[in-house]
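The following blocks contain the structures, represented as structure tokens.
Next, two complexes with chain A in common: one pairs it with chain B, the other with chain C.
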Partner chain A sequence: MSQAAPRKTDIGPPQYEKFLPPIVKKNYGKWLYHEILKPGVMVHVAESGDKLFTVRAGSPRLISIMTIRKFCDFADKYCSGFLRFTSRNNVEFLLTDQTKIDPLIADLKAVGFPVGGLGNSISNIVHTQGWVHCHSSATDASGIVKSVMDDLIEYFTGMKLPGKLRIALACCLNMCGAVHCSDIAILGVHRRPPKVQHDNLKKLCEIPTLISSCPTGAIRTAMVDGKESVEIEEDLCMYCANCYTVCPATALNDPLNDGISIWVGGKVSNARHEPMFSKLAIPYIPNNPPRWPEVVSAVRNLVEIWAKDARKYERMGEWINRIGWPRFFKKAGIEFTKYHIDDFKFAGTTYKKSVHLKY
Partner chain B sequence: MLGVLELSYREKIGHWKHGGIVGVFGYGGGVIGRYSDVPEKFPDIAHFHTLRINMPASWFYTTEALRGLCDIWERHGSGLTNMHGSTGDIIFLGTSTPELEPTFAELTNMGFDLGGSGSVLRTPSCCVGPARCEWACYDTLKLTYDITMHYQDELHRPMFPYKFKFKMAGCPNDCVASIARADLSIIGTWRDKIQINHDAVREYAKKGKDIQSDVINNCPSKCMKWDGKTLHIEDSECNHCMHCINVMPKALRPGKDRGACLLIGAKAPIMEGALLSSVLVPFIKMEPPYTELYELVDKIWELWGEEGKNRERVGEYIQRIGLGNFLEMIEVEPIPEMVAHPRENPYIFFEEYFEDDDEEGTDE
Partner chain C sequence: MPQIELAGEMFDVDEDGFIQDPDRWNEEVAKSLAAGEGISEVTDEHWKVINYLRDYYLKFGIAPMVRRLCKETGCNLKRIYELFPSGPAKGACKLAGLPKPTGCV
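Showing the complex of A and B:
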């Protein structure tokens, strides 16, 4: 069917130098300092005295080729055809002419792209596939991100927070992304064990792989109606879905019980305090599409109590370390439950072993 | 697409079938197969596969390249993308199996290749680094491109127990979150003195910066002093946290003897719990041809490739056998920089002990 066209493989990505604006090439590795001029706009000054202006705009990450072409139109008009994306999926326009900054911002705003996400702001939400594309999602990604960002937009376009605040979302605990290390993390959770399809399990799955996929050892071999299959010890199952990842016959998605948990206090940078994991704040909020109002108000509440209380530069986790977790729960008005107490391996290391307590 | 999403919103459940193995000839990864579980309702997305395309380092583009990608995707796919996936790839979201080879052919003609998926080396990514950041302690773009090219085979053809990711950050601010999202995290740092421009420090003070409370009091190692005129840093005690540099970028810069710290083992919770990477090599010069780095990586892959269990990340493998044993096998000396603190339990496996007929005071 096919003509013998030469087939190229293993060529890798294009060499990045092809895509660097001339001013970047010229001053590569020779930048002296930078300043944030206003929300979403910064200047980098090179040893040569050259100035590079960056305008950062929010993007929904899931974008069509029409949106990409729109970004290209702006980059052609203002930036000699160069642009880049950031590690939080914002889009950045790189300018050499300061007078073009405001017209660019006006053009971006006219088509609905806010400028911001720099300095002490809430930048874009790192997120995942959700119901748009993944089979194991306990919630949607794009929908919640849109709802939360709509509510917090003043913090994206402003810089009035004590420090940086990173929000991330993952639609199941595979945590594709940065959920385990963010100031506020929104995580999809299941609450019921898989329903095993005994009829075709043997056909679809490799049983030893399935058994070893379970972190708590809840899966056993079993003969059911004369068929080789598995049984799940429901008391041992914490609904992580890893068995479903390796075996299609153990689906556990459940509209009635799937929902959201919220985590706080993670960070990756080394500034001041070492990197930290996010920790559980709210174990469960039901899914409520299309706007997830309960999730939105829970996130806003966390942002606001931190913003009001934290010292300058203090990230969410550093603030909680200072005031202590009991104070955090009190200030946030969040009920503390048995679900907050770790019961996985070495859980004891997370218990309080002193009388350093506040009353 | 919107139809199925609306159905999901009404029913609060996803409508994608499990998995799906598709790809392009010669590669074992790069395409995520996806089938709708309601194909009769939404025939247009009965097949809706994702292609991962290796992005240029630091996500710099010309509009010409982006338009070229858009044209290809308009001809062969849904027109929907993610810019970008969290590992870094350009995500082409949604096409059918017969379109995969033609898309791949057009992509490679344009100079783009697929990224990684499955039990392979995933697409390496990096921060903006020296292209636009004064703090980059090594060339993150160059290293990212070099690693990607050096290990093309490992990236396209599954040969590991599980996935493996590299991320390159130019300094300890870690703007690609490498310490949390890469099996090997390469974080730039320096060994000598922080460069101080004393006039610029005084300028900050004059303009109202409270150097004592904003900078000095926040230094985690308490190694700075400010007498109202001169800033003093006891560099031998500095933790290289970046705080003071972040706060006064015009006055302070990383030192001149620059390189990177290698950390190993980060991963998400499945199975044994989430891990952050931990120190493997406190400091290494990061210059082409990166021989020392590649030799170390090859040793790690050889060991983990041989001994790692199916779907066991390298971080979990290290937990299972113990960091001490791991170091011995890859011939790296244990040093105190590798631990937060020494062990607290006495369950020590000794490999050296006296036998009855030993001379006093010798072992082995």
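Showing the complex of A and C:
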């Protein structure tokens, strides 16, 4: 058989050492301590006495090649062409000359990139594709992120919170990213069962895969108008859209009923308390583009009640564990509904099994 | 929906070139799809893979797992890629007339 012309493959990513600034290469693994000098600026001091200054700026994550070139220009101008991106998609410039920090910040601000996100602040929002690129989204990602960060910008550029507060967003409950383990999580949800296209289903889908994709067993085979298809037991459906992921003929996007849920109290670090999942706070807020004002005010409310009430270093989840969920709902002014009570498989472990309760 | 001519007949295909009606598949269709997948000649080894996929799909209603495909045809994954440069899903399944693979591909 014939082969296409030999192509280069399996070469992996470029070795990261190629892109390390000389000062990092020199002091690799030999850092003594670091300090946050001011919001968005920190210094790492090495055993050799070398100092590395980092300036962290927010980025919208979805950026054009022109923006990348702009970042490159700044890197050329201030830090011999070196920069990095953080795991929350902020951009960091690594400087050796302390006097260049303020001009760099001024340059970044002039083109609209705020400096901050370090220490006890609200750093960037980890988010997903939304209506920009994904077929299974129940809400938008970039739009909500922009609206929420516009409102909370003082917390990005400042460090006045008791501890770290991580916000994440996922536009459907595939939960790409970190919504299941964030202090505040914004999650797109559906509220209607799929509409099955019986004519196309057999052509487009593998029916056994479709049936086994359902976490509640709501899908079963059926003959509809002489065609192999499926029926959905609507009482069992909780609108997760997993069936749509595997089968294009079971769409359930619905502009009127799709919306957003808000979850709180997750974390991934092991500091003080072990990692926690985030839990449901607000079951549903309608989609309201382009500014999602209800989502923005709900998130701000959660940030503010936590910031006012939490002890130093206390994360959202640790704070709620201390005061208890009933008091959290009371303080946050969120109505507790039947939707908050877990009813999936081994839900019993989440029920109250003691008389320790605040009225 | 776009249409293309395969083996002298018009077929509905999606944007990735998967035929939309698995029932209309035949060997001539597979041969005409092969050109688009970087396969100049459909050999016996190709047919072994295609026929296995086809039979498995007709029997069970799904495409087989890759492990199963390799075990039953005796071609390891490397060989499958040599036969079908775009891989078992985009290459072999397309030629066998199976529905397009779904999920977070």
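For the reader, a short list of remarks on this structure follows.
As a convention for this text, the second predicted complex is superposed on the first by the 353 of 359 C-alpha atoms of A that agree within 3 Å, B and C clash if a C-alpha of one lies under 4 Å from a C-alpha of the other, contacts with A are read in each partner's own complex, and residues count from 1 in each chain.
The rule we apply is simple: a residue touches a chain if its C-beta (ideal position, glycine included) is under 8 Å from a C-beta of that chain, and two chains touch if they have at least 3 such contacts.
Note that the coordinates shown come from a computational prediction; the quantities given were computed from them, not determined experimentally.
Of the two partner chains, chain B and chain C are each touched by A:174. After overlaying the two complexes on the shared chain, residue contacts for A:86 are found with chain B alone; chain C is out of touch. Legend: residue contacts after superposition of the two complexes on their common chain; A:248 is shown touching both chain B and chain C.
Touch criterion met: A:11 reaches chain B, while chain C stays clear of it. After overlaying the two complexes on the shared chain, residue contacts for A:65 are found with chain B alone; chain C is out of touch. Set against each other, chain B and chain C differ in how many residues of chain A they touch, and the higher count belongs to B. Touch criterion met: A:209 reaches chain B and chain C at once. Of the two partner chains, neither chain B nor chain C is touched by A:333. The contact surfaces that chain B and chain C form on chain A in the two complexes overlap at residues 2, 174, 209, 245-246, 248. Interface residues of chain A, counted against chain B in their complex, comprise 2, 5, 7-16, 18-21, 24, 28-29, 31-35, 44, 52, 54, 59, 61-66, 68-69, 71-72, 75-76, 81-87, 89, 91, 94, 126, 128, 130-137, 140, 143, 173-181, 209, 212-213, 215, 240, 242, 244-246, 248, 251, 253-255, 258, 266, 268-273, 275, 277, 287, 289-290, 312-313, 344-345. Residues 1-4, 174, 200, 203-209, 245-248 of chain A are the ones that touch chain C when the two sit in their complex.
Those residues of chain C whose C-beta lies close enough to touch chain A in the complex are 20-22, 38-41, 43, 45-46, 57, 60-63, 82-83, 85, 99-100, 102-104.
Every residue of chain B that touches chain A in the complex is listed here, in rising order: 1, 4-5, 8-19, 25-27, 34, 48, 50, 54-67, 69-70, 73-74, 79-84, 86, 93-94, 101, 105, 108-109, 111-113, 125, 127-128, 130-134, 136, 139, 141, 145, 148-149, 152-153, 156, 172-181, 213-214, 218-220, 239-243, 246-247, 249-250, 268-274, 276, 309-311.
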